[in-house]
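The two complexes that follow have chain A in common; it is paired with chain B in the first and with chain C in the second.
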Partner chain A sequence: MELTKLHNYSRLVTRAAVFAVIGLWLIWIWGPLVWDFFTGLAVNPQTDPPQLIPTQFTLEHYRNVLFAEDMPTYIRNSVIVTTVSTAISVSVGALAAYALTRYDPGDGQVSFFILSMRFLPPIAVAIPIYMMFVGIGWINTWRVLILAYLPIGIPISTWIMLIFFQRIPKELEEASRIDGWSRIQTWRRVVLPLAAPGISSAAILTAILMWNEYVLALVLTTTKEAQTIPIYLAGFVTTRGILWGRMGAATMIAITPIVILSFLAQERLVAGFTLE
Partner chain B sequence: MSTLDTSAIRKSLHGRLDDDRTIAWLFVAPAVVLLLLVAIYPFLTMIYNSLFNFTQAGRIDTFVAFQNYTTVLSDARFIGATGFTVAYVVVVVTVEFLLGMGISLLIYSKHVKRRQLLVVLSLPPMMLSPVVTGLTWRMLLTPEYGMVNHLFGTDIAWLASRPWSAVAVIVADIWMWTPLFVLVFTATMQSIPNVYYEAARVDGMSRWQQFKWVTLPQMRTAIAIVLLLRVVRAFKVFPKVQVLTLGGPGSYTETIAMITYNYGFRFFDLGRANAAGVLYWLLMFGAAYLIFKSVAEELISAKEGY
Partner chain C sequence: MARTELDELRKEYGDLVAVNDVSLTLNDGEFLVLLGPSGCGKSTTLRMLAGLEDPTDGEILVDGEVVNDRGPHRRDFAMVFQQIALYPHMTVRENISSPLRANGVDKDTIEDRVQRTAEMLDIGELLDRKPGALSGGQQQRVAIGRALIREPRAFLLDEPFSKLDQKLRIQLQKELKRLQEEMDVTTVFVTHDQEEAMVLADRIAVMDDGELQQVDTPEQLYRFPANEFVADFIGNPTMNFFEADVSHGTIAVDGVPYDPPEINGHLESVRRMAARPEDITPVPADDADGLVATVELVEMRGTTTYLIVDCDGKELTVLQPDEQRIGEDDHVRLEFDFENVSFFDGEGDLVRQTEHDRTETSIR
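So, the complex of A and B:
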């Protein structure tokens, strides 16, 4: 039948168009990242005209940022600040999220209060925190960053765990209470294990946000003793002139932990981000 | 937690540990207290400090009432930064919304099989630090050795001319944040029961009508939430622009967050920085409130729908 043929043909064209657009979309997303990667490996990206794929590769830029420059110091600072502040945010957030899903004291006011932290511009928190701590010599320390990151970490981790706690059936807890376990025992032995996936995705998302944070670190730290990775990276365009090769290499090193963390979380990450 | 289990605390609470409300308040207390200490208290001190002048060394000086506010509001640079930030937010969020919706519809069209994989492959930019996004696009857009001018045979000073520097920061933002829309939209589309579409087809609805009468209404809540998240986040724009254009040429692409920082730490005028910070918060809160008000009805009706 001619008509079916025609129908099949137009279907094929639509199909091809759909895949072409999706292909372009993926090139748009991945192209810049691949370019970062190649720039970090190219022999002389400052002077050579750009090549889609470099013909010669070198690990010199990686060696330079890791050994000739101080990138490891900044990595150390980022790891310490991110780990400690994430740990505090998630512990505090887990307690709050559990109480909010089960009893909701204050009828929604508390969760609104916690979430409203998102409406504070970071610079509007950074400046007064700077002024509070400059007098007692806390500027340029890990502890001031750890504290300053809590308004980022607590809301996001509470929000994600809220979603996961809501899915834990109340009946399980009631059953364990009938068996004579105390509330705390129930929480430790029933709720926490069931909530573990939610807690880990909260931790991962919180850690990514803190690892990437720039504005607070810019205001509250001044030297490499306490400065974090984003400050180091931004330094490529302001203080040291532009060294494209090192910039590419440093960028790749800086995003490696994020790649690993998001790989570990994968589908739960999707759930966490969409906030269902 | 074991400390909470001790009989001492139990006694001191007069056996109220079995009272749900008391326990709930004990559980939320750490989060609330920490946030009051490290966010609300500093924020209130900023409002207070904005009424004073500061010495260059950062010491509180004389009470000047609202003088810092009038200075800031009559500063063409602050007004320019505000205008640029608002325009930036409107443009990026609109484009990201439309592009994200388009890509999501394609990924969820009947032609595509491995949808989850495509969604995951779309996500990386939104996981990056804005600093990394800025550096990445700086590498691509730098005039002489950048890939963009090379590929398209153009000779544009992307990062140092009008209007291209604005285009550059907007493009970088769209690259970074369209994935969030794709993520949220595809997740929502996945949850729409197929029966709805079957019913729509029985009623003889066209593809467009199905989108308008089935898909969109089902996505209202998701759209409301993602718009709110994005507008608030876009208002905070700072590092991406700092790394890409340093706010230039001149102060053409300077944002409110940047000028607030510059008042305090480039011009060493903390009084003006505090006033600018308060005005910045008011603007952001106002925008968020407007969106929240206009979508709150949607959210409530959606909740009752369950």
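So, the complex of A and C:
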């Protein structure tokens, strides 16, 4: 009797501890976002840092960034750069990953080499890239950002998809070939559908990276003609102080596309990460 | 119907010779088993036939036409894989109709053939399920269905039952044999299991170390193994091997002289002898000359009983004679049925006894 009580008690303690850890983790992850959310709605968040729960609410900051300022221009730049660089990264990555799982001539060396391109900190290459493109007058364009993002996007998406392609047994392709389908038909009707979770995982993760990229964008773009959202957000930190309200509102807007994308693809993402 | 030939087919992986100049003709409608230990090149041979591997050298001929350069989708062979290899994202119906859809067969014919195939294999209930929802045996049936549906030039099966439990394996073996006879389609079946090979095959091609050792009917292989490898590989329990030396009508078996009633042929070159358990008769030890042994174990195997005996440090398996019971620790003398034992020369190749010349010749 006493023992079961003790047992129940210790189980309760364990449970409480687990929830406490999860709770702390959630606060750590979501806290800043909640703060941003409320700051964006606060009437006059001029205290530094702003109070967590404001006393009066307004949509003024959202109106400001969306209509009075140029946020839509930055959004357009980000959408174009992210979409194009992600599309190219995933397309090239899918072919590369497939080729590596089926024909890797270097016994893993090639895939390691591809990953090794990611070892360089972006700031180390930002300046050389800048010098190169100044010469041909491409600075402050979408294409320079897209080009600069590919060496990040292609290796990442290749590596994510590599795991998925490795898990597709080659016998399935052989069976399809025996059935009478050509190599390309086999790729379309067997390989692609089975790799779909991997491809969407790679696309989403690559897109998030591109959407949030800051260092290269800072160096390679100079005006709102080509600058992206992270540069715009950083602009709220001014010499005369931080524009908390507008920054909060802009942050919420900036993360919206990624959140929507993730939710849309959530099922596939989860399937992707559980590798099933 | 088609005649398919392998002509000096060879496959090298770097320095390794996986398949060493294999020549083989598939007779129309026969069930041929490629048998050998793992790594002997049997699967590679099958995969080259299917078009999944490129031969390093040699030719594959169908009706006299070289098909080496044709991809697997243009050879019209059906194949069943050891890994089953059903498309996990497709239903059973889509899986088995895949070969027909690939060849542009019209919808009504496809549905008709799907129904007939499903009926044959008793998988009609499963047509709308995905492979993941099936048991191992059901999956393998579906895989066989995908091969059967298309009336191909030949069936190729690569150890299809090796991952199934024994009961299921035996059942599917029977069904496959029945279907193959009904459809009268040339079949090549790869296995490392000699009992499976004996059950299924019209002819067995034994391979070892990339080389074809012998191609023959199961009975001929059992009675007249072309060399020591085949002798050792075929049959369970395995054959018993002895040193042998023949001179002046006397055979020294492990140095002990025997006087067989009659031996035929030129046995001067004989160096070794192999005897099946049923070709050795243990009799209670007496004063007569002969190898003596001690019974170590009596092994019941249903209708037959084997004796595991120790003969001067060598373990032999012999058949328990019907007429008298021999028990453990008994001392026995071994008598041989010299007409049925196999003799081998210094190279390990069979030395024929003329009386056993056969109508069908074995090929090396």
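Keep in mind that, in the parts below, the second predicted complex is superposed on the first by the 244 of 276 C-alpha atoms of A that agree within 3 Å, B and C clash if a C-alpha of one lies under 4 Å from a C-alpha of the other, contacts with A are read in each partner's own complex, and residues count from 1 in each chain.
Criterion: contacts are C-beta pairs under 8 Å (C-beta built on N, C-alpha and C of every residue); 3 or more make two chains touch, one makes a residue touch a chain.
The structure displayed is predicted, hence computed values, not measured ones.
Undergrad: Looking at the overlay, does A:Gly180 come into contact with chain B only (first), chain C only (second), both, or neither?
TA: Touch partner of A:Gly180: chain C, not chain B.
Undergrad: In this superposed model, does chain C or chain B come into contact with more residues of chain A?
TA: It is B that touches the greater number of chain A residues.
Undergrad: Based on the superposed arrangement, let me know which partner A:Ile75 touches: chain B (first), chain C (second), both, or neither?
TA: Neither chain B nor chain C is touched by A:Ile75.
Undergrad: Does chain B (first) or chain C (second) touch A:Ile29, or do both, or does neither?
TA: Once the two structures are laid over each other on A, A:Ile29 reaches chain B alone.
Undergrad: Answer with first, second, both or neither: which of chain B and chain C does A:Leu194 touch in the superposed model?
TA: A:Leu194 sits against chain C, while chain B stays out of touch.
Undergrad: Shared contact residues on chain A for chain B and chain C?
TA: In chain A, residues 182-183, 185 are touched by chain B and also by chain C.
Undergrad: Given the complex with chain A, which residues does chain B contribute to the contact?
TA: Against chain A, the touching part of chain B is residues 1-2, 4-5, 17-18, 20-21, 23-28, 30-32, 34-35, 38-39, 42-43, 45-46, 49, 58, 103, 106-107, 109, 111-112, 116, 118-125, 127-132, 134-140, 142, 145-147, 150, 175, 179-180, 183-184, 187-188, 222, 225, 229, 232, 235-236, 238-239, 242-243, 246, 256-257, 260-261, 264-265, 270, 273-274, 277-278, 280-281, 284-285, 288.
Undergrad: Taking the complex as given, what residues does chain A use to touch chain C?
TA: Per the touch definition, chain A meets chain C at residues 169, 171-172, 174-183, 185, 190, 193-194.
Undergrad: Any idea which chain C residues touch chain A in the complex?
TA: Per the stated touch rule, the residues are 50-52, 71-74, 76-79, 81, 83, 85-89, 98-99, 102-103, 146.
Undergrad: Once bound in the complex, which stretches of chain A touch chain B?
TA: Touching chain B from chain A are residues 14-15, 18-19, 21-22, 25-26, 28-30, 32-33, 35-36, 39, 45-50, 52, 88, 91-93, 95-96, 98-100, 102-106, 110, 113-114, 117-125, 127-132, 134, 147-148, 150-151, 154-155, 158, 182-185, 187-188, 208, 211-215, 218-219, 229-230, 233-234, 236-238, 242, 244, 247-248, 251, 254-255, 258, 262, 266-267, 270, 273-276.
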